[in-house]
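The structure follows.
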Amino acid sequence: ADQIKIVGSSTVYPFSTSVAERFAAATKFPAPIVESTGTGGGMKLFCAGVSSDTPDFTNASRAIKKSEYDNCMANGVDSITEIKIGYDGIVFANSREADPMPVTKEQIFLALAKTVPVDGKLQDNPYKTWKQIDASLPDAEIQVLGPPPTSGTRDAFVELVMEEACDEIAAYKALEGDKKAHKAACTAIREDGAYIDAGENDNLIVSKLVANPTAFGIFGFSFLDQNASKIRGETVEGVEPTFDNIADGKYGVSRSLFVYVKDAHVGQKPGMKEFIDEFTSEKAWGPDGYLAEKGLIPLPDDERKKQRENAMSLGKLTM
Amino acid sequence: MTARELNFFYGAKQALYDINIDIAEKEVTAFIGPSGCGKSTFLRCLNRMNDYIDIARVDGTIKLGDQDIYDPSLDVVQLRALVGMVFQKPNPFPKSIYENVAYGPKIHGMCRNKDEMDQVVQSSLERAGLWNEVKDRLDQPGTGLSGGQQQRLCIARAIAVSPDVVLMDEPCSALDPIATAKIEELIDELRQNFTIVIVTHSMQQAARVSQRTAFFHLGVLVECGETEQVFTNPREEKTQAYITGRFG
Amino acid sequence: MTARELNFFYGAKQALYDINIDIAEKEVTAFIGPSGCGKSTFLRCLNRMNDYIDIARVDGTIKLGDQDIYDPSLDVVQLRALVGMVFQKPNPFPKSIYENVAYGPKIHGMCRNKDEMDQVVQSSLERAGLWNEVKDRLDQPGTGLSGGQQQRLCIARAIAVSPDVVLMDEPCSALDPIATAKIEELIDELRQNFTIVIVTHSMQQAARVSQRTAFFHLGVLVECGETEQVFTNPREEKTQAYITGRFG
Amino acid sequence: MSEAALHLPTIAEVAKSEAGQRRLRRRYAAERRFKYYGLAGIGLGVLFLAVMLVNIVSTGWTAFLQTYIQIEVTFTPELVDPSGARTEDALRQGDYYTLARDALKQTFPEVTGRSERRQLNALISVGAEHQLRNMVIADPSLIGTTQQVWVLASDDVDMFWKGYIDRDLPEEQRRVPDVQIAMIDTLESRDAIKQEFNWAFFTNADSREPEMAGIAAGVVGSFLTLLVTLILSLPIGVATAIYLEEFAPKNWITDAIEVNINNLAAVPSIIFGLLGLAVFLNFFGLPRSAPLVGGMVLALMTLPTIIIASRAALKSVPPSIREAALGLGASRQQAMLHHVMPLALPGILTGTIIGMAQALGETAPLLMIGMVAFVAEVPGGITDPSTALPVQVFMWAGSAEAAYQEKTSAAIMVLLIFLIMMNAFAIWLRKKFERRW
Amino acid sequence: MVLVILIAILGLAYLAFHYGRRRALVRPEGLPANFHSLPSYYGYYTMLWAAVPPILVLCGWLIIEPGLLRGMIEQQLAGQLDESSASIVLVMEDVRRMASGERVLREYGPGIQQVVADYRELRYIAYACVVAVMAAVAAAGFLFARTRLVPQFRARNTVEKVVMAAMMFSACVAILTTVGIVLSLLFEAVLFFNKYPFFDFLFGLTWSPQAALRADQVGSGEGTFGAIPLLAGTAMISLIAMIVAVPIGLMAAIYLAEYASPRMRATAKPILEILAGIPTVVYGFFAAITVAPLFSDIGSWASIPTSPDSALAAGVVMGIMIIPFISSLSDDVINAVPQSMRDGSYALGATQSETIRKVLMPAALPGIMGAVLLAASRAIGETMIVVMAAGLVANLTANPFEAVTTVTVQIATLLVGDQEFDSAKTLSVFALGLLLFIVTLILNLIALRIVRKYREQYE
């Protein structure tokens, strides 16, 4: 049981496994074990303590939470290092059989929010078709398949699309005084069937989109990348979700992905340093690296350099 | 009923050899013989109950009146209504007493309405000597009766379609002596209306209830005649040996 | 063997009432009586085969010689070696003929080596009159024999541990007349060496093979005496009624 | 006899009447209809099965073939072994990434531009690097020579070559751009691209690259898991069955055990997963993702099946055999061991195999105890992290790369073959030792 | 080390067995079988006494060993710890490794090296003690057994008692499993009910576990956990499954039991049973990719509100999976109806279908009911199909073309979700598990009662 153990997010899982595989082939260390437990489950296992049975890394599709950090500390995991490894573009896509439908964040918001302003007053979302939101949009039923509330992707989508759009809408400005109410109004997603929770399996979303050309899907860029022949990522705010646009930061809907290191295990478990080295090498996470090939959107060059330095020196995360 | 040159096979194994017999109407005929001699097999030939045994094969003719019962033009479903059967173990359906008796008339469409059906049920139960015991609980399950009552219920069920012949395969062997006595009495009464064939293991019973007795041995009909004569003065030596208990 | 004031219960139901009987050594005792009267139950008390029926309960004493067989200090396994049993349906183990006979001696550790075992097997088969028929195929399965042979094999198996008493529960009722005759002959021979108790349905058989006959009715031992006497001149009226076929 | 009964028709009259005949015809029609319903029931079941199988096989069979590309490799010493030590460690750390790239450059000297070179590099799989590395380690004398080597093509090329990617689509809609198609056409004209039977699918463990992914780890993991399951559940199950069937007194404890067993047979499998998580992992601190724990959980799930089948087998041994042994003075355990067990054994084995087959197909409880792991090496023991074949199916089904779809179906095919083989063996066993008493 | 000891114990057991057996073989001339039991039983008896006590000692030792040894050197280690910043747990691990001669990555100073040496010695002594104790108990056991190797001693009865105890223990595993399930669910479920009221869970009409992910994310609060929509969804999918499976399975069973030739039966039955053997992941795959789009099309064509992950798709596919359960169980049940029932009906002139419909079915009904209930409990607990093909949002709807979610789906997704483990969201999994267990338990108990009654009726 001397292999490196990695747990955590299903979103980061394909990237960690890629690195693990190369790492095993190119070094004499045994292949790391990567388990897909979800970010939360990963944190729990990761923070359970220090000893060779506990995980050495955890993947996360969001930053660690204070309560999780505290839990780590309480269990003797007193030094962890955060590595931001790149971005995951979140795309709004549909079948190629349908016509392209460029959208704005506001339109998406109006289509998906639980409550929307009608004549300046907030009420339950009345929109059934896209055309009701904006005359330029097609007269098709609103049907969006997206990640469930359990997922980090959903969380990021809400933050990057819903909340941003919300901030722009006048009707919500009034609520600004009451932060809580404002948040609540901005982040709640309608539950009347227009938004469909589609599970963690993004492949299923893809095949469901293909089967149903009027439906849209929300999922990670890598699935769009792999299924470009069948589905199209819609332009959001005039920017197409392409690799380059996301990497440049032009496409606004993307979230950061992280890997956390249990520092105490470096020097205890063989290969820890080398694994971090491999993960943060240009050949892996660079713009031409193999992770980009898998759909990871790389960090900007200087950011990568900073992250790598911090990672290699095991800069301790404080909160 | 008459059987002529009847041979019966279970697969390659012959179970009956050249049976020739005339079964007299409105009389009780008893089949006796040691275990495995083919009594049940022959009985089941009489209403073609052997049809359902895959490997069974019949040769020869059996006539009910003028009708060859193995004639393809004859419908087996109607034959069975004409030749009823009562089994060794009482086997009432897990339904109410009423429905047990009404089952036959119903499937054959013999009654036009509920009244007629009620009549049929009542008269059958009366003839089976059960009416007084069950008339207040016709809607209770037939399986709740005692063994002897169940057997009489089965007899009532069989005669409800007013068949010509009633076959009985050791109808008393699962019953206690008192119930047995009742059934024997009943058989004696029924022969006024039906031709009855009864298989029995007990020679005493054969002697008590039957007018004619047929003795089978190893698939062969050894002797058939007046019961009186077969038991007191058998023609064949084997019969003699059997009824005096030298074998079996 | 002697039984004194033996009462037997299946749960709340009493199956035997106050049985007192002496079973003479080196003689054949036959138990007769209508079905369900408790013959088998009593027979199985004699070697405690009823022990394994959860609800069974015994009262009274049975002695084998001076030993109370229900004494807790007695090991039932050894009792069964002393009181062997043969059942209604021949039940050889699905193993070779040799192993069938050798099984008893083996589990009781009676033979020190293969030679001794061979001898025991041979002599048992000889005494059961089966040796000549099977000596060339001792390693073939016992289940491949004919019914009568199987039953004789079971007898050989029972006597291989040289018990004092052999109990037989309707040993011929599943056999054809010829096999039955052979077994009866065998029983007659065996009584030189063993005390034999046989349950039978057939009064003829009881008359043929036994020296003493016990008649059971509804769990009561009605009469027990010399076979000759019981059949020709029974003391009890019930016995008379039974053997003349007035019931049962 | 009541007088009213005299008006009733007899069956003989009814049979002869016109109405009676009509009724008879109706009854026979109903008879035929009913029979057809039954046939339809079976037919539908078989049809569903056929549809599923066709569905799986038609998407999965191509996974058994893999595309290879021939390139010209010069094993430059500076890249392979810059230190010149020629030890295995040194050779392992050589720069095969660049070596492979150089080889492609050498094979396609005409390709120049930066983005085109990227497309060129994407022709071959990561597996090619591993392959070159292994070649050199196996035979260091290759260093300095130039060889024609067949290497694994990337999944996109493989998909294209198998016809899953339509070259008539607009370029931005396919994973394989025009440049690559041109290169593939060139390779084809040189006979430097071919399809071969995909042995690696059976010998490789899981991989992030679909073209290299195999089921070996899943198969071995499943095997180890089942081994643990068998070792635990067979003795416990058989002992329980014997106890309940042969020895247990009739009382409330026995009743409770029986009810429990029958209930456990129908408890949702995911609950067993939660049990394993709480008891085996959290309470006893056994290792995560290990066949040991998977096997223990599945053993608990399989127990009822084995117990119920074993009891049926024991029950089917006629009591006369027991009586015969007991009558000879065998103790109850001797009668059991010497006579009943051997006769019940085929039935017990049949039940066991069926239980094992169920355990083999089980996924949900394994998800709960961490057997959804990426395992790139075939596990060596029951405490090594491991996955199982059905879990592998589940993981591949959720992967982005299109090439995993055929792998998923192929893995399902393998799983089904195992299952059908096990069931067939059980049926054969049952047939062979079937005994009518 | 442990392996060596185990092998030694096995060797000892073997010797003890032989000794016991030999003793029982010796017997006075001319007295066959004067030992109560067969010689080998004396062998087993001796073996049990000689081997079981040391094995128990060993097991006990293996359980307490790590804690004991660590406790003994922890203090010493703590004194040295300033040498290294690593936590004591990790250093301890390294110490144990070094003591066993394995390599470690960290460099340790002489202080720690001393600890390693001490640890090694300590372990050596400890093992020596344990081996000595084991030898002592083995010898004591053996000597005790030896005194009992006399003809009157009933070795067989004693050995059989031990075997019986082992079998009784095995039988109790089933009970232990149930207890384990209940405890493991109950423990965390209680934590959940501390956070969320029990009755709101049981009777709440909204299931919306949208707990906030980040502290600043106030929006959805802690989520609402009303189980009714989940139960309704589970019920709907199960119901659809039963509507598919019961008629098909029952008709197939009737045909197999009553009409099919032995040949057909021998082929059709295993083929149908393959349906039950197919892993549920495969069904899930099939349902999501093939069946769901089909129903989605049908739904939109009929202009019914339709969801791409309709309850119908999951239900129908689950129904297909359940067909063999119904058909096998019903087949058994129909076969259990005594032949005399058929005979009775045929003898009255009934056709085969009349016999089946009017006599066999009513007779078999309780058994079939039991079978259906068992299959229903199967459907309720089925996980993979619904995880892959059913929805995640708890809709309270009666339209089968819409998406509903089930208890098992929520268990599987929440547990691998993004939340921390002590959040109400994750803990609700255990409450759901408990609910699921209780529901299926009740169903099973009812079904088993019915089936049992039915069997008794014909026994």
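Order as written gives the chain letters A, B, C, D and E; numbering starts at 1 within each chain.
To be clear about the criterion, contacts are C-beta pairs under 8 Å (C-beta built on N, C-alpha and C of every residue); 3 or more make two chains touch, one makes a residue touch a chain.
Since the model is a prediction, treat every value here as computed from it, not as a measurement.
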- Query: With chain centres set to the mean of the C-alpha atoms, which chain is at the far end from chain B?
  - Reply: A
- Query: Which chain wins if you rank chains by how close their C-alpha centre is to the centre of all protein C-alpha atoms?
  - Reply: E
- Select, from all pairs of chains, the pair with the highest number of C-beta pairs in contact. D-E
- Message: With centres defined as the mean C-alpha position, give me the chain B-chain C separation in Å.
- Response: 36
- Task: Please work out the Cα centroid separation of chain D and chain E, and write it as a whole number of Å.
- Result: 20
- Note on the structure: Rounded to the nearest Å, the gap separating the Cα centres of chain A and chain C is 84
- For chain E, what residues touch not just one other chain but two or more? 156-157, 349, 351, 354, 387-388, 415-416
- What positions in chain B touch 2 or more of the other chains? 77-78, 81, 107-108, 161
- Item | chain A, residues touching no fewer than two other chains | 10, 36-37, 200-201
- Task: By the touch definition up top, name every chain pair that qualifies.
- Result: A-D, A-E, B-C, B-D, B-E, C-D, C-E, D-E
- Write out the stretch or stretches of chain C touching chain B in their complex. 34, 36, 176-177, 180-181, 202-204, 207, 245-248
- chain C partner, complex, touching residues on chain E are 32-33, 35-39, 154, 156-157
- Contact set on chain D toward chain B in their complex: 1-2, 4-5, 8-12, 14-15, 19-20, 23-24, 27
- Query: Which chain B residues qualify as touching chain D in the complex?
  - Reply: 75, 77-78, 81-82, 107-111, 116, 119-120, 122-123, 126-127, 161-164
- Item | Parts of chain B lying in touch with chain E, wherever the complex brings them together | 47, 49, 52, 54, 77-81, 84-85, 87, 89, 91-95, 103-104, 107-108, 154, 157-158, 161
